[in-house]
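Alright, structures below, take your time with them.
Look for chain A in each of the two complexes below; its partner is chain B in the first and chain C in the second.
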Partner chain A sequence: MITSFVFKALDRRAIWVIAVLVGLAVLVPLLNLALPAGHPLHVPNYAISLMGKYLTYALLALALDLVWGYCGILSLGHGAFFALGGYAMGMYLMRQIGARGVYGDPVLPDFMVFLNWQELPWFWYGFDQFWFAAIMIVLVPGALAFVFGWFAFRSRVTGVYLSIITQAMTYALLLAFFRNEMGFGGNNGLTDFKDILGYAIQADTTRAALFSASALALAAAFLICSGIVRSKFGKVLVAVRDAESRSRFFGYRVENVKLFVFVVSAMMAGVAGALYVPQVGIINPGEFAPANSIEVVIWTAVGGRGTLVGPIVGAVLVNAGKSVFTAAFPEFWLFALGALFVAVTLFLPKGIVGALSGLATRRPRRPAPVIRDAAGEAAE
Partner chain B sequence: MTKTAKGSLLYLDGVSVAFDGFKAINNLSLVLEPGEMRAIIGPNGAGKTTMMDIVTGKTRPDTGDVIFDGEVDLTRHDETDIAALGIGRKFQKPTVFESHTVEDNLELALDRRRGVFATLFYDQTQKDREAIDRILETTRLTARRHERAANLSHGQKQWLEIGMLLAQNPKLLLVDEPVAGMTDAETEETARLLREIAQNHSVVVVEHDMGFVRELDVKVTVLAEGSVLAEGSLDHVSNDSKVIENYLGR
Partner chain C sequence: MKRFIAALFILPMLFSGAGADDGLIERIDALATGKLKDRAAQIEAISETGDARAVPALQALRDGSLYFRKSDKKVFLAEKSGSDFVLKDPLTAAEVETLSKSAVRKVKVNNRLRRQLTAVIGSMTLESPDPGTRLAAARTIFKTGDVSALEALEAAIRTEQNADVLAAMELARASALLKSDAETFEKVKAVELVGTRGGRDAVPLLKELESSQDESIAQAAGKQIAQIEKAQVLWNSAQTVWYGISLGSVLLLAAIGLAVTFGVMGVINMAHGEMVMLGAYTTFVVQEVIRGSFPGLFDYSLLMALPLAFLVAGACGFAMERGIIRFLYGRPLETLLATWGVSLILQQAIRTIFGPTNREVGNPSWMSGAYELGGLTLTANRLWIVVFALIVFAALFLVLKRTGFGLQMRAVTQNRKMASSMGIRTPWVDALTFALGSGIAGIAGVALSQIANVSPNLGQSYIIDSFMVVVFGGVGNLWGTLVGAMTLGIANKFLEPYAGAVLAKILILVFIILFIQKRPRGLFALKGRAVEA
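Moving on to the complex of A and B:
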């Protein structure tokens, strides 16, 4: 059962993507750690964290592609699942600081001492354990997606209306997390992390390991997504995307179909957020900003939705572009991004990967098989 | 109510539905026996499609009973449930999954477990393959099995949808205008196909094409303005004065 799922998942494209990611997970840290700084192939430290961050964005875009590209659910709130995963990781990292904080409280994070809190709120319990945080990283975004999807899909909210309420969801969380009373560090969020699993978070080796973890997480998620879309369930997803009502008349429970992918996708987004936070060193409510979720849609569209590879390519390219662009002309980035989105929508509706694979399949043109159509046969 | 419904496959009694005050279905009653094939004719806007919408759970009637299999109250179920109970439907405008291949369309329609995990871990068995092959033969789509459904001709899409109904293997098939837009040869072929299907399924066919209805050679119900105008053999109803006035004579 599981083996045949994995077997189907590993088509040629998936094998390539996974091989490249595993290769990167091994090679990049080697080039960073084993080569001296002056060596032409040396990967500098700053680049490792930057690329690691891109990979977490790629994972987020991949998660979005599963729901948007294959099931037609245009979520404009995936940044919320990413941020929740990030906060779960941030809470673990905060509790690892222990008595090394500015106020030296062995249990309470600095911001709680600053707010004169006497004891740890109940929802911070357990986050001193990595295994607990790891569960929460997938459970919290998954649970939110489940509750949200349960109501939205059951009431048959679709299209633009669904997109709008996903925006509202992430905006509501933005406002909530800004409040100090919520107990997540308010405006400033969670930061000043010291170590992760006992290793100093700033150490070169830790950074390299986080990069590898991001690449491997992306590879694993790709395998899962590929398995899902290549299964019969994946065909049901596309059927729901293209003709939702028709699939109901064939006996498919559309709301369950949507709920399942939405929850899986939210969990992946949560993992992405959890890997992002230790690499950038901070999580704050800004991550819930509605604009962030919209950016993910742009990465996915640019790379090519409904391709799984596309969103990875799109996320890396657009963010690499952003890094270069914002260094040169910081005020113009949003305009450039908007222009890119418009250009892709107009000229590359299937995105970069969609256009490339269109070229690839067109080239080896086999002679069209001679088909006697039904009308011809019936007339005989 | 269920007393009279006993023994019937589909039982509609006193069904009415209004859209913004306009009565699309008006006190409609109709009984279909198990194994029966029925043709429904009537002018445009008579409510034929709306009747199918009611039976398949797309539209809820304002009043009246809709009973399936002598006991199941269909007004309490949604589209998915009703499909699972064994009612399949072909739409007036052929509706297939365009971006899937012909073969995948049939696989999706095939009468197998439809849950999330059942489909996630589904493996096509030899039996499933054979069933799909057989339907491809019956609907003459074997040569196009790997073609995307979007690339089929209009007539082929109609046939694919009928093939999907065969795969779904429901107890009752509701077929809305299966020969609209078909050539004469295709129409004849479709009549053959439907008669074949009727051998082991109950079928309701809505159609305007009188030649086609004659070819089916089954009991006919004439609908007009949301209710039954006449019922009986085609010859019987086509000699009915009300039918001539309301429909045939126009």
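Moving on to the complex of A and C:
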């Protein structure tokens, strides 16, 4: 069954994407580590971290595309799952610091010593083990998504109402994580990491490995998403998106379908956050800000929702644009981002990838509101 | 006995004085003569005159700012300026001259004298012709329980005409009586008086008595404390309700425009907060112009800003509807994204023009100060905002229910096609409705500029709250918005003492998230066909 799932998932586009990602995962670290600094093909160190960060963003956007593009659930709170995954990783990294902190306490992280805490809170137990942290990275976002989705989908909260309460959810978490009493470092968050799995986090080789891990995680997530979308379940997903009531009358348990895909998506977002944190070296409550989650939506929309490839393209393009813009004209980045929101919704409702594949297949235009399952069509 | 001696001492001076006025000034000047031990009698001599004009000099003596000129031993109120002293006439407080430190000397005073001075000042002020002075004096005695003032109080009560002052004096007498060695039954009566009229300020006094030797007094005091505390709990919750209403009216102001654009039109306008921000910045600009050109009109600045803010935000909303939103009807999620983009652009535009820091928006004089209502304190700006929010609500309600435009608006909401076939220009109505909602947000900005920081992030801090209010109250229902705003405001303020401000907000958010599960259409859901539209 698993082989057939994987086999089905691998249409031509998926093979290309996964091949490119795996290629990147091998090639980029090689170009960074093996070539001398002066060589024209040498990839500088800062670029590795930057690209690694883009890839985790791409993974987050891909997760959002699965729920928004294929199931019509516009989550404005995916940043919350991302940040939770990040915090789980951050807690592991904090515990790895050990006695090397500023205060030199063997167990307690610096901020707890600073707050005069005597012992580790119960929810920090186990985070000194990587396997435990790794489980938490998917479990915590998944559990939150499950509880949230259980209530929301069962009582048929849909459309913009759902969007607004997901936004409220991440806003509430933002406020909560700002509190020192929560035990997650309050305003400053978790930072000053030293090691990951015994390797120094600042080392070039570790950075290169993290980049590879991000690329491979993205490839794996793409495989999973592609498999879900191309399976029979994927067809139900699209049916729910396009005609929820009708699917319900056909006998599909709409809320279970939604819940499943929402939880899977949240777990992917958690993994993205976990890979993001060691590469940027900090996690703080700012990641929960509603604005961040909405920005993820625009990456997905720019690239083309409901295409799976689109969000990856969109996330990388928009963030590369952001890096260039904020360095060159910091004043204008928000103008550009705002204009992007307006322009994409008005003129490019299917995003870059949607528009391109529309050109490629040269089909007569269909009525606007229906979003085509572009990944499926390309395989025909 | 003391008085008698003082009188003896003063007698010769009395006769040496030329007239009443000169007598007073000479008695004050007498403070510069003699030793510290003579001073009590000198003070007593001044108090004998009962002339309230001497009070500033006595107060200065108590506070150690009474000096005399070495050359002629004349007494002055002195104010230090650098190493010199500015001397002022003790009666008129008119400036006389500035002398160096070596030319003056302080009139010495000790703690015993300070106590005496307090009592003397109290009794002198009790006879003052100004009721405000008398009231303040009575309140001071009530707080200190000054036994020496008892006699003066008795005398003052006999002649007092003003009812408020009389009540305060009786209270003061009761308080002084409790400290004296009066009979038990008198004291019990005094305790009751203090308890029933004294309010919160009486508690420390009564607490002291609760441990008194005399059983009946202790009992009476205990009973009064219990009663006061019970009343206090009541007033405290009333105060919390007031804070809640105040917060609720802020939420109402922020959400009411959204109730039109989101509630009536179904458009998710993420730039709504920025319309509020535009209104606040309009107020800032109006105030700047007034400060620069017509400073006399400052008190009317808010009134002038109101229509302007409505126009600025309304025009902006109109442009948004015509330029962007009308292409996205029926695609709410895209509308959400596009308006978010607009909000980013507006924020950055304001940041570029006015800078990223907070801008100072002043309060006109009629919005500062506070009113006391029983145990409640109502600050004027909060009070005005509550009133203003209700006025805006009522005005919007009337526009929707009583004008032709409101009728057309409701018609379009209920059945667009039918409205269109009846000859209503639906696109025009859409644009105007959106402009109306945005304009109201602008007006809200004028009010919020008085209590919030005017910065480019002003709108962001309100957007989620306003959506919560509208969704909680029920979309498409103005009453829902009102009830929703007030409920959330009051609930928030009641939770705050138990959970802290941030946790209270989180709890409210969680509550709303759960509430929407239970009633996805809000508190006051629309019924009928409009629901499915």
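As a convention for this text, the second predicted complex is superposed on the first by the 362 of 380 C-alpha atoms of A that agree within 3 Å, B and C clash if a C-alpha of one lies under 4 Å from a C-alpha of the other, contacts with A are read in each partner's own complex, and residues count from 1 in each chain.
The criterion applied here is as follows: a contact is a pair of C-beta atoms (placed from the backbone, for glycine too) under 8 Å apart; a residue touches a chain by one contact, two chains touch by 3 or more.
Given the structure is predicted, the values throughout are model-derived calculations rather than measurements.
K.L.:
Scan A:197 for contacts with chain B and chain C and give back first, second, both or neither.
P.N.:
Neither partner.
K.L.:
Just chain B (first), just chain C (second), both, or neither: which does A:102 touch?
P.N.:
neither
K.L.:
Go through the superposed model and pick first if A:294 touches only chain B, second if only chain C, both, or neither.
P.N.:
Only chain C is touched by A:294; chain B is not.
K.L.:
I'd like to know which partner A:34 touches here: chain B for first, chain C for second, both or neither.
P.N.:
Once the two structures are laid over each other on A, A:34 reaches no partner at all.
K.L.:
So, A:115: does it touch chain B (first), chain C (second), both, or neither?
P.N.:
neither
K.L.:
Look at A:178 in the shared chain and tell me whether it touches chain B only, chain C only, both, or neither; answer first, second, both or neither.
P.N.:
Once the two structures are laid over each other on A, A:178 reaches chain C alone.
K.L.:
Intersection of chain A residues contacting chain B with those contacting chain C?
P.N.:
Shared contact residues on chain A: 369.
K.L.:
Quick check: in the complex, which residue numbers of chain C touch chain A?
P.N.:
268, 270, 324, 327-328, 330-338, 340-345, 347-349, 351-352, 460, 464, 467-468, 471, 502-503, 505-506, 509-510, 512-514, 516-518, 520
K.L.:
If we count contacts the way the header does, which residues on chain A are in touch with chain C in the complex?
P.N.:
Going by the criterion above, the answer is residues 74, 148, 151-152, 154-157, 159-161, 163-165, 167-169, 171-172, 175-176, 178-179, 290-291, 294, 297-298, 301, 331-332, 334-335, 337-342, 344-346, 349, 369.
K.L.:
In the complex formed with chain A, which residues of chain B make contact?
P.N.:
56, 58, 78-80, 83-84, 88-89, 91, 95-100, 104, 107-109, 114-116, 119-123, 139-141, 143-144, 153, 155-156, 159, 164, 168, 183, 185-186, 188-189
K.L.:
Which of the residues in chain A come into contact with chain B in the complex?
P.N.:
Listed in rising order, the residues of chain A that touch chain B are 1-2, 4-5, 228, 231-233, 235-236, 238-239, 242-243, 245-254, 256-257, 260, 369, 371-375, 377-379.
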